[in-house]
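Next, two complexes with chain A in common: one pairs it with chain B, the other with chain C.
Here is the complex of A and B:
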């Protein structure tokens, strides 16, 4: 326990001072890792804790990004206000999907299909929404890149790095306490055996909706970050199912339902994928889709050799109980 | 305390329970026996709210509980175990019981304390940190009981918890239920094939055959009832 805490504190300090000796490229990779760590943590609340498989989390990223982005684009209001609109919209959407599914007893793969369906028709809807640019996309003004404009969330890459680091840290602490709380026990009970959970007095419908609501709220925040970090939004990209898959790979590779799994998974996948991009460039190959094939192979290897993910195995090896 | 009135339940063409009525008085231990497929577990599931009865009514402490969801039945004070055990396999033994204890306890800390005391009672104390998936079947049955007890029920529905236990383990379990019944006034309705346990525990027994209650009475009366002997125990059985 103590060793785990020391390790965690050391990692956190390392991440804080990391920009001091990192170049622009390393910083962008680290930001990407943390972004996927955060979205993975958000998804993990729903699937890892409560056992509800969502394959449509790009829906919440997209709606969150478009909500805060559009408010900034049209009215010049910074994301600190837009954030709440994004969260509200995503929670409403998540709860609506959860309500529909859980009320009519849709679960497992059928629930996953429903989440895909919602992401897909939201994508098509946004293609026809001229207010946010339709299929041509929406572009946020990129003004200063050298000063920290916290109010409008505009600034150098360093600012985004620290914001996403703060989000990951916040999510980690939140999940840590959730797992030790009544909610954590109830969600895990539902994940392990819903019928038994209900027999022990748990209103499983309500607690599953809570899980979806929290997960979608957290993902909405990632969407806002995405909008202001990348500054361009296209329905075709942001709502794409491959985006949802990207979100879930980290926690699955790292360790479903664990606190550290999503972070480790995001780091492993992003570093390997960047590594292979470099390698391919160095070798001079120009084969489209190599990255995807590579993702598939890693996923296959982990599922075969470490079915519970990398983190549980690593934690055992390091004798950590976190 | 528990009043089951003219319950019927059919699955498609199969009439699993027909017009069954019985009561469990306050603080009593009652048994429900019958051959396989007689409808015992169906009755349990109807009482526990897994599915509503096609007709009939169920009252618990004067409150109507048919048509309630399982979690509401639990909240009303009825705990249950599953014949086919359903542990939270990925959680530790202690965490399994904490989930149940959280139903009435304020916080996780007091739920943990309550869960620990129940595990001690059921002799699972030394195994509390093991994952539930590593338990043997008799221990899983004990875990079912521990988890249900943790919700502080006033009536406990036990679905074949003695099956697979050795005679000495069975006697231990009987003793646990007796002491809970004595000290806390816990009422129990048990489905059981292990006659050793039923005879030792139950004050009254109902016999179910093809979904119908064919006999009721004290254990001694029931085992001498010719109809019961014929349909259930077999003609030449002596108990």
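Here is the complex of A and C:
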């Protein structure tokens, strides 16, 4: 336990001083890793803790991004206000989906498909919403990138790095306490055996809706970050099902329901993808698609040989029981 | 094509997330055969479907069978990985440009009163009906078909009476893949094929199958017709680009009100 804490503290310190010796490229890769680590953690609350498979998390990223983005774009109101609108909207959406699905007793594959359906429905809806630019996309004004304008969340890449690092740390601590709390135990009970949990007097319906609500709120924050980091939003991209899949790859590869899984998975996948790009460039095999084939093969191997993800296997090897 | 998905899910209970991608592969196979031997896509159905049957069998036997008892998300990931590999292998082999097949009857059409119907579409529909009938009678009348249905109804029971479940699963996946191949060959005449076509058709197949009822073959056909008609009508009255919103709206409604689908059995 002590070793785990020391390791964690060292990792955190390393991440704080990382920008001092990292170039612009390394910083952008690190930001991407942390972004996926964060969305992975948000998704993990729903699937890893409460066992509800969502394949439509791009819905919350997209709605969150568009809510805060549109408020900034149309009224010039900064994301600190837009953030709350985004969270409220996504929680309302998530609770509505959860309420409908769980009320009618939908679970497993059917629930997953329902989440896809909602995400796709919203994507096509946004394509026809001229207020946010429709399929042509919405572009936020790019301010000068050298001053830290915290109020409007505009600034150099370094600022975004620290913001997302703070978000990941916050989510990590939150999940740590959640797992040890009443809610965490309820969720795990529901994940393992819903009927038994209900027989023990847990209101499974209510707790599942709470899990969706929390997960969508966390994902909404990621959406706001996405909007202001990339500055352009297209429904076709942000609501796409492959976005949802990207979000869930990290936690599944890293280890479902664990604290470190989403972080480790995001790091492994992003580094893998960037590493393959480098490798292919070095070998001179620059044919479109080669990279993704490699990526697919590695994914296949991990799913086949490490069914519980990388983290549980690694933790056993390192004799950590975190 | 939705039929294939329904067959696979109904029996093997694995949700095939690589379905549209497999169909894209079939479409490329048909274009390649056409380019090499001027083989009409409707004749190419036979070799392509046979190859797909073998490939599907191998895929299930080699990769998916060990996953049967694993949780859903694990199977899902597996097929996502397969889908990624397929799409990008196509990208490497065929490049990103759209391809199509041109046959002389493509622009011809039948006149039915005031309606004009493309010949190619009529042939494609006829092919789909024939494939469906074949599949249906296979499951209904042959011993192997019965055995497969037994596996679907009761996995444990099927094992107890001595059926080789893994072999039958692989057979089913092969059959489902063959259906996909048939759909792919027929579709080549109607749309241009690009490597990125897969995900859209995977989603479409899911919508159709769920509306009709997962695991029900009649349901898959009904769902296909229903979705096709509702998209066409929606495209006529509202913006054509908004038409798939109706499919997904329909999907949401069906999932909420009748999650087993219109013709599905209670799980």
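The rule is simple: the second predicted complex is superposed on the first by the 320 of 322 C-alpha atoms of A that agree within 3 Å, B and C clash if a C-alpha of one lies under 4 Å from a C-alpha of the other, contacts with A are read in each partner's own complex, and residues count from 1 in each chain.
Criterion: a residue touches a chain if its C-beta (ideal position, glycine included) is under 8 Å from a C-beta of that chain, and two chains touch if they have at least 3 such contacts.
This structure is a prediction, so every number in the text was calculated from the model and none was measured.
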item	value
Residues of chain A touched, compared between chain B and chain C (which is higher)	C
Which superposed partner A:77 touches (first chain B, second chain C, both, neither)	neither
Which superposed partner A:314 touches (first chain B, second chain C, both, neither)	neither
Which superposed partner A:203 touches (first chain B, second chain C, both, neither)	first
Partner chain(s) touched by A:195 [first = chain B, second = chain C, both, neither]	first
Touched partner set for A:15, first chain B, second chain C, both or neither	neither
Partner chain in contact with A:113 - chain B first, chain C second, else both or neither	second
Common interface residues of chain A - those touching chain B in one complex and chain C in the other	none
Partner chain A, residues of chain B touching it in the complex	48, 50, 69-71, 74-75, 80, 82, 86-91, 95, 98-100, 102-103, 107-108, 147-148, 150-151
Touching residues (chain side chain C, partner chain A) in the complex	15, 63, 66, 70, 72-74, 76-78, 80-85, 87-92, 95-96, 195, 199, 203, 206-207, 210, 214, 239, 241-242, 244-245, 248-249, 251-252, 255-257, 259
Touching residues on chain A, where the partner in the complex is chain B	180-182, 185-186, 188-189, 191-193, 195-204, 257
Residues of chain A that touch chain C when the two form their complex	47, 53, 55, 100-101, 104-106, 108-110, 112-114, 116-118, 120-121, 124-125, 127-128, 135, 241-242, 245, 248-249, 252, 256, 287-293, 295-297, 299-300, 303-304, 307
